[in-house]
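Note that the chains take the letters A, B and C in the order they are written out, and that residue 1 is the start of every chain.
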């Protein structure tokens, strides 16, 4: 704590952001929480139904559970692509001497393209009739047996919609991790190299521990954005075929705005909030334990 | 993020750089070649879509409808751009998106910094609780806030204004910004503040003279990240904006949708190319500033 | 802080309760279609879901400008959201906040019926009768807008007929002819497939095109009443008509009637497959006449394209001249803001609209004007328009405007699985019947 601070100064700094936050985020969340105990279609009178929505969600809704597990798998794929990809590229970049700036910039490009265009492009890439890029590539390299309609096959669609989302933001996380990596003191690395450390030991023993705080931040960021993923699955497949690519967020959106069941949609979003809290808690817990051991 | 790279002023913690460590062994190792190839491949994967987008925006409608979408176009045309400008008010859309993005960014950066300063630097009894409160906002899905927000805005007459887009966009981005700023502030050594305090500087002067100038890198990062999301935001704009004059780019792109969902794709792509250009430019500039900031942070000490 | 949260929760409750109740009872009498009083020009808004540069919007803009010349201060603010799902989200949020504008678009959905029941919409039948233009409308165009109880709250601005467009050359190549019965289609697809031709191009992404197919067999077997009963749970997919359509859809899938990976292909993709001569058939309405029956159509297939109407089946309950003939999304008039000005403007605009609309080469929802065939049209254009004059009394309603939205969403998803062969007809039947049982009571009580 700053010695010279006063109560007023804390309020001056804290109140404006807190007010904005309450008005734009907290208050609507509370309203949602409140709505989750009601049955309301937006235009009729609200009807208090207690925990009925929660009971229905947890015990009687097969789509809900399907979307929940889909969302977890979607998250896993996004995380591997975003964090794994980011780490690999960032490490590779540090070994490069020229052209780093250019590559960093190029690498970020997908993030600026609107999701509508991305969804449209990937639908074409995955297409089988007419043959899309992915199937063409598979054919060329002799893996013709794997050719398929990626977005129509219930077994591949979830991975197929996760990939563009993961790919889109890899560059962003790469930049963050790269910034941390170049800050690793060269002396530490030099010393380790003199000690005969391999590239791998160098990475696991020196670099990674050093960037751990950044890594945690990035993981939390990627996880929460992953759990909030919406646009791309919504635009590419609208959750289909069947419920194969339905996520909790798309399901909630449909429940609210297609089924006009605002009460039940609020219940699902309360669940998403809890799910995200648990996820972040777990990440912090696991990383802490790993650091302690 | 960026965090520990930043402590620019103080002291022995940051070691003087040894720019471009000279390596004696110069043999092109397998590792190096492999990583070059890998990087090139990845760059192709990342750049290809943008190139494809641009090429498609130059295709004729007929070529687009009948040809292989991945082959080079048989002939190029600027007609799609003409159609794009004819159908939509792209200039207006870009201006609106710019206003919204800037407005939200100012709030996000300023308020994010202030809150982080109060929580992390000033500190107070309930700071842990407030931090937790803000954390909720990182993880809540925005979609469910739509109906309550809409009702709230209609009661206070905020619908169909720039503010109706800026406030929720800023509100939902604020937690992440606070989080980034606080984790950055953590790395500004206590001693810096204590020294300034001993010199008689109050919390406002410390904020203006120490915290703010030191945070520039983080500011750029926060702006960069948020601009990407806000520039392409569809859901808030679609919900809160009614009049043509306030439509942002993602709403403007809807004008290319015809009857029963038929889309004039080549014109849409032309419009997409036009509308991402400003973001791309800002982005290139910011990107450079960010890298410079980072490197100066590491070398100044 | 706790106190703050508690206070916020209470306030939240109050705000929502207020806005939820505020709408009911506040509106004026929806049956009063000729309000008295002075016409005070002001700006009115129309929330609509039509193409931004389409005929309806262009004409209404022009008519509004004409009206404003005599009524300074009047303006019509057209707020369009062409993408239908985004539009519905917007409409529902506005309805929930009780902020619907003077005019708004909606299909005859259960949600719209709720609005009508609450007295939020002006009775369109009375309105049209008072304006003395009710009899000008095609009965089919009005019927499409009606709720099940026969009441009319939306005014149509279009009239379309849905046809099966086909490529004569491709059919000939595969040695097949135009199907006489719906039941011929699976075999026809098999023949086309073995000739290396995609039988039917379909826009799977937008869901409604596939949902059209599930409506055909019951419409032929049991007439338009089937879906009206089905949606309320009074009929089921286990009924003969229901089983027929389930089996038929599965057969279509098995015969690989639709292009591979159709579920992710969009509107333009499907049309391009047909117009580039890759697909033999394409099921679409007359709103595509400019693309399919003018010189804009790819010259390679221009002379080979023709259309047939929905085939019948043995023992059909409906006739060959009865099929899907939608009059598009309708316009509802907000009862709360209905006043002499809105009334007067509608009187002005609705009287002039048909002639302007027919001049663009489209079918007017009224019968008092002659559609102008564009100069660049192929002979098919006129043939398609003329079919409108020979329509029977019944029409096949698209199911997406009939079923409750939850059931509809589930049906769209399950249909793809059924056609792709991911689920059996039995699984489909039981899933859908239990979905209807669960949701119908909420929407049709």
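One rule holds for everything that comes next: a contact is a pair of C-beta atoms (placed from the backbone, for glycine too) under 8 Å apart; a residue touches a chain by one contact, two chains touch by 3 or more.
As the structure is a computational prediction, the values presented were derived from the model and not from experiment.
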Inset, instruction - Sort the chain contact graph into one of these: line, ring, star, complete or other. - result: complete
Legend entry - Most heavily contacting chain pair (counted by C-beta pairs in contact): A-B
Legend entry - Reference subunit B; chain at largest CA-centroid distance: C
Legend entry - Interchain centroid distance [CA atoms averaged], subunit A/subunit C, Å: 36
Inset, instruction - Using mean C-alpha positions as chain centres, tell me how far subunit A is from subunit B in Å, no decimals. - result: 16
Legend entry - Computed distance of Cα centres, subunit C from subunit B, in Å: 40
Inset, instruction - Please set out, as single numbers or ranges, the residues of subunit B touching at least two other chains. - result: 130, 133, 146-148, 151-152, 234, 265
Legend entry - subunit C residues counted as touching two or more neighbouring chains: 12, 15-16, 89, 93, 96, 266
Legend entry - Set of subunit A residues in contact with two or more other chains: 26-27, 31, 35, 42, 120, 130, 262
Legend entry - Of subunit B, residues touching subunit A in the complex: 1-5, 15, 17-18, 20-21, 31-32, 35-36, 38-39, 42-43, 45-47, 49-50, 52-53, 68-70, 107, 111-112, 114-115, 117-119, 121-124, 130, 133-149, 151-152, 167-168, 170-172, 174-176, 178-180, 183, 193-194, 197, 201-204, 206-207, 221, 225, 228, 231-232, 234, 249-250, 253, 265, 268-269, 272, 275-276, 279-280, 283-284, 287-288, 290-291, 294-295, 298
Inset, instruction - Name, in rising order, each residue of subunit C that touches subunit A in their complex. - result: 5, 8-9, 11-13, 15-17, 20-21, 23-24, 85, 88-89, 92-93, 95-96, 111, 114-115, 118, 120, 198, 204-205, 207, 259-266, 269, 273, 278, 404-406, 408-410, 412-414, 416-417, 420, 422-423, 439
Inset, instruction - Can you check the complex and tell me which residues of subunit A touch subunit B? - result: 1-6, 9-10, 12-14, 16-18, 20-21, 23-29, 31-32, 35, 42, 85, 88-89, 92-93, 95-97, 101, 103-118, 120-121, 124, 130, 132-133, 136, 167, 170-172, 175-176, 179-180, 182-183, 185-187, 190, 199, 213-214, 217-218, 220-221, 224, 227-228, 230-231, 249, 252-253, 256, 262, 265-266, 269, 272-273, 276-277, 279-280
Legend entry - Contact footprint of subunit C on subunit A as seen in their complex: 22, 26-27, 30-31, 33-35, 40-46, 63, 120, 123, 126-130, 149-152, 154, 236-243, 254, 257-262
Legend entry - Contacting residues of subunit C [partner subunit B, same complex]: 1, 12, 15-16, 19, 45, 47, 50-54, 77, 79, 81-84, 86, 89-90, 93-94, 96-99, 203, 206, 266-268, 271-272, 275-276, 285, 287-288, 298
